[in-house]
Amino acid sequence: MPDTNLIIEEKDAHIKAEDFSVFYGNNEAVKKVNMRIPKGKVTAIIGPSGCGKSTYLRAINRMNDLIPICRADGAMMFDKQDIYASNIDVVSLRQRVGMVFQKPNPFPKSIFDNVAYGPRLLGIKKKAELSEIVEHSLKKSAIWDEVKDRLKENALCMSGGQQQRLCIARALAVQPEILLMDEPTSALDPKATTKIEDLIGELCGDYTIIIVTHNMQQAARVSDFTAFMYEGILIEFGITKNLFEKPREKQTEDYITGRFG
Amino acid sequence: MQLKTRKFINKLFSGIGITSVVIMTAFLLILLTPITYKGLGAIFFSGTIEYRMLNYKEFGHGDKENIEKEFAKAKTARAPVYLQFDSFKKEVKKLEPKKRREIKNQLKEIKEALKELLGPFPDTPIPVLLRNQYGQTRWKNAQEKLHHVLYSEEWDYSDPTKPGIQVFVPRKKYFAGTSFESFFPYLEKNIKKMLLPKFTCYWQFLTDKSKDAHFFGGIMPEILGTIYLALGAMIFAVPLGILAAIYLSEYANPGKIISFLRICMGALAGVPSIVFGLFGLAFFINTIHVSNSKSVLAGSMTLALLILPTVIRSAEEAIKAVPNTYREASLGLGAGKWHSVWTIVLPSALPGILTGTIISLGRAAGETAPIIFTAAVSVGLPLKIWETLSQPTPALSWNIYNLCTEHEAVDEIRHVQYGMVFVLIAIVLLFNLTAIIARARIMKKLRG
Amino acid sequence: MHYNKKQSLVFSKKDATLQWLGSSIGKGFLFLIASFSAVIVFLIFWFIVKDAIPFFAEKGFKEFFTGTNWYPAAEPGEFGALPIFVGTILVTLGAIIIAVPVGICAAVCLSDILPFKIRQIAKPIVEMLAAVPSVAYGFFALVIFAPFLQSLGATTGTNVLNVSIILGIMALPTIVSVAEDALQAVGKDLREGSYALGATRAETLIKVIIPAAASGITAAVVLGIMRAIGETMVVWMASGNAAQIPEPIYNVLQPVRTLTATIAGDMGEADHVIGSMRYHVLFAMAASLLAISFLCNWISEWITTRDP
């Protein structure tokens, strides 16, 4: 039986992958993964480059749909629905599963309009309501104090770290249940990285967070659970402390101790 | 090959390259300098009292009192000349027949030239054509006309082996010994007092209508027509072009149909402009009858077809240049595809789209062949906006051709031709400059 | 405040169909607009050929393409358009002889030789040359250049030489920008590789870069040819409009007539006699022009897409 079913019970699982595969043309990048992601916790997915972790992450909110040669097999269960079924409303899915990308990508609009973009999509039009939501999201992202006086300024006039926190605020403003983070700090300096890691610590509990990272120390610092993937296969899944101190699989141990990267 | 030779060839090559760029710059300067210089001459020139009179009587510019005072002065200076004609009449009758004929001939030519120079003789009926009602309005032309009065054009056939040479004989020669002889030095000496040339700035050249087939007045109807046509072309081409570009870059699946569409767009871009004109006539006017005959509407639609490929191309490039990350971020937040395009992609692509659009606007303003059969007339009043749907219009591009080739007095109105060309080039370059500045401004806003 | 009312992940049947309908209609509408240019090309082709056919049906091809007497208004009309075709070919050839060497050298200079700052000045010069309207060029050719040529000894200033030079200047910006794009597209790597082997800049350009960009440069030349063939105003104003083949053919100081000028010049009259051969022969000329431009287009497409 797959790892995760031993550790995460059915009732605690927010997302369940069942024999889930992703193909790029004929190349199977994610091979029949079975994984249960626990609700309200931070799960990290680690592994060497090219192991399929980003592909897997992007499959959760169906961002891979944007790539024509990409197709999925198996089931990804969320809210008792297989999100790859034929009658799924992808827009609705993405409003409940948010994403923060590797390279900060704020829109070339004002800080306010960036954060308000999501709520506006949800139908909120009144200025007062939007202002409240923007303030709340920016506060949650621990960036409110830095930008509260320049909400009308262009979002691109900020440092990389600030832009990434803005993107997190923007994603949070949609009030998603799950937040996917694809190597969110790999393009940032150490100081900004620390700020974001602290943020993740504060957010968990309210959100289910899945973070892909190539930085093992980061995974060890921020996550409750860790999944190790290698060449598209889920090798090991466990409570972070256990996986890093006493890995069950040899491949996991080799990766963690740096025998291959 | 030796290193020295190789280095020499290198220098030679660079030299050739730089020479060709210098040649291109020289072409541009040779092209623009005379046009600018003489074109400005349509606005800034030395104008005579005849000009100021005309300007006041026909267009209402200028100060009545001053002009009348000046004219009185000029009249006084001219009076002796006219008197001389009258008093000489009696003398002529006393001459022998051969000499009388010669003198009468000369007098006839002198009178005609003088009429062109100073206007109709006092106390004679006012001529029908406006151009004959006034003397020379521009000092430069006046000096040429003065030459006609003082010298007669004759041909010297003395050398039988060569064709006749043109010589200028001072008319004074014919009147040697008569009382009329003093006419010529007096005229030459006092011509300035008779015409009172003064530096003029006729900026109303851009706002006045023309009178008497562009002999006098400005080029406002033509400027307005050009602007109507260019804006009309934009109204048709820009929405179509942007929507087509959105389809091609965001929605189209690469395949046979799309390659075929692109080939068609390339073909459309290569069609000669005169063929567009023929098509405009055959299709828009004669088949679907957007108007009964030539009209700004038909001309704009034809021009729109001409600039459509360029608009599509630049819009598509601008949209493709928008980073994919913006699209991903927008879709990731739960926006639909069209919403993402409309709120994120298009606004980011705006600088590029705007540049391409405004440059196409300049191109539409300068084109002639498409509007010859669909919208342009040589003479006409400036149109009001609702009239553009059914009425043709003068336009700078067509009228430049018309004034240079089919006009009855091509050499008299050179300054108007130069003025038109200068204004047209200025308008087109202004459009291009606006495009560049607008793009720089918007890019600054987007970059932050 | 909770405002994300978690909508169902699943489309109801009704919503699914509505969604599909909406997106299909939207996509279809955009596709229609995008295919507008294809429609127009066909319409142009149809309308021009439609009115050209009556001429060829009645008069055949021989007189038009080989006859040398052009008197369309006479009774009966003579429609030998060979001198007019020759006129078009002569001025285009002349324009190319001027524009291609200068254009390619200038393109090479702009892309590789000039320092960045000077390039900032040189590019706007090319763009300005491109932006000048054709009727302004025509004006220059007729009013300034022709008298100049006459003062140098030509019997008439409006002739093949005049038009060739002006058309050459007009085609220059096209050739320069497309050729420069082609040279830039070759990329840094090839250049760096060649310089690293100790080649001079001239050698790199002549032996490596220009051959690599050859297809793009050829396409630039073809586009320049198209520009020259399709130009109307300059030839109408400055070619002399004499439907005769120069004697001898390389005598560039003689006037000629081109297809574009004939259509522009004669259509005003011919439109009053719609249905006559005089009217249809102009469409025959337009059809020939269309055929030539489509051919040039196809050649340039073929050149740019066949390169490995």
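Before moving on, here are some points about what is shown:
Per-chain residue numbering starts at 1, and chain names A, B and C are given in the order in which the chains are listed.
Keep in mind that, in the parts below, contacts are C-beta pairs under 8 Å (C-beta built on N, C-alpha and C of every residue); 3 or more make two chains touch, one makes a residue touch a chain.
What you are looking at is a predicted structure, and each value in this text was computed from that prediction instead of being measured.
Note on connectivity: the fewest chain-to-chain touch steps from subunit B to subunit C number 1.
Remark: the per-chain Cα centre closest to the mean position of all protein Cα atoms belongs to C.
If you average the CA atoms of subunit B and of subunit C, the two centres end up 24 Å from each other. Annotation: 64 Å between the Cα-based centres of subunit A and subunit B. Per-chain CA centroids place subunit A at a distance of 54 Å from subunit C. Shown for subunit A are the residues in touch with two or more other chains, namely 92-93, 95, 174.
The touching residues of subunit C, counted against subunit A in their complex, run 1-4, 6-11, 15-16, 19. Remark: subunit C residues 26-27, 30-31, 33-38, 40-41, 43-44, 47-48, 51, 101-103, 105-106, 108-110, 113-114, 122, 125-129, 131-140, 142-144, 169, 172, 176, 200-203, 205-206, 226, 229-233, 236-237, 260, 263-264, 267-268, 271, 282-283, 286, 289-290, 293-294, 296-297, 301 touch subunit B in the complex. Within the complex formed with subunit C, the residues of subunit A that make contact are 78-79, 81, 83, 85, 87-89, 92-93, 95-96, 119, 122, 124, 132-133, 174-177. Contacts from subunit A toward subunit B in the complex involve residues 61, 63, 66, 91-95, 98-99, 101, 103, 105-109, 117-118, 121, 153-157, 167, 170-171, 174.
The residues of subunit B lying in touch with subunit A in their complex are 323, 325-336, 339, 343-344, 347-348, 445-448.
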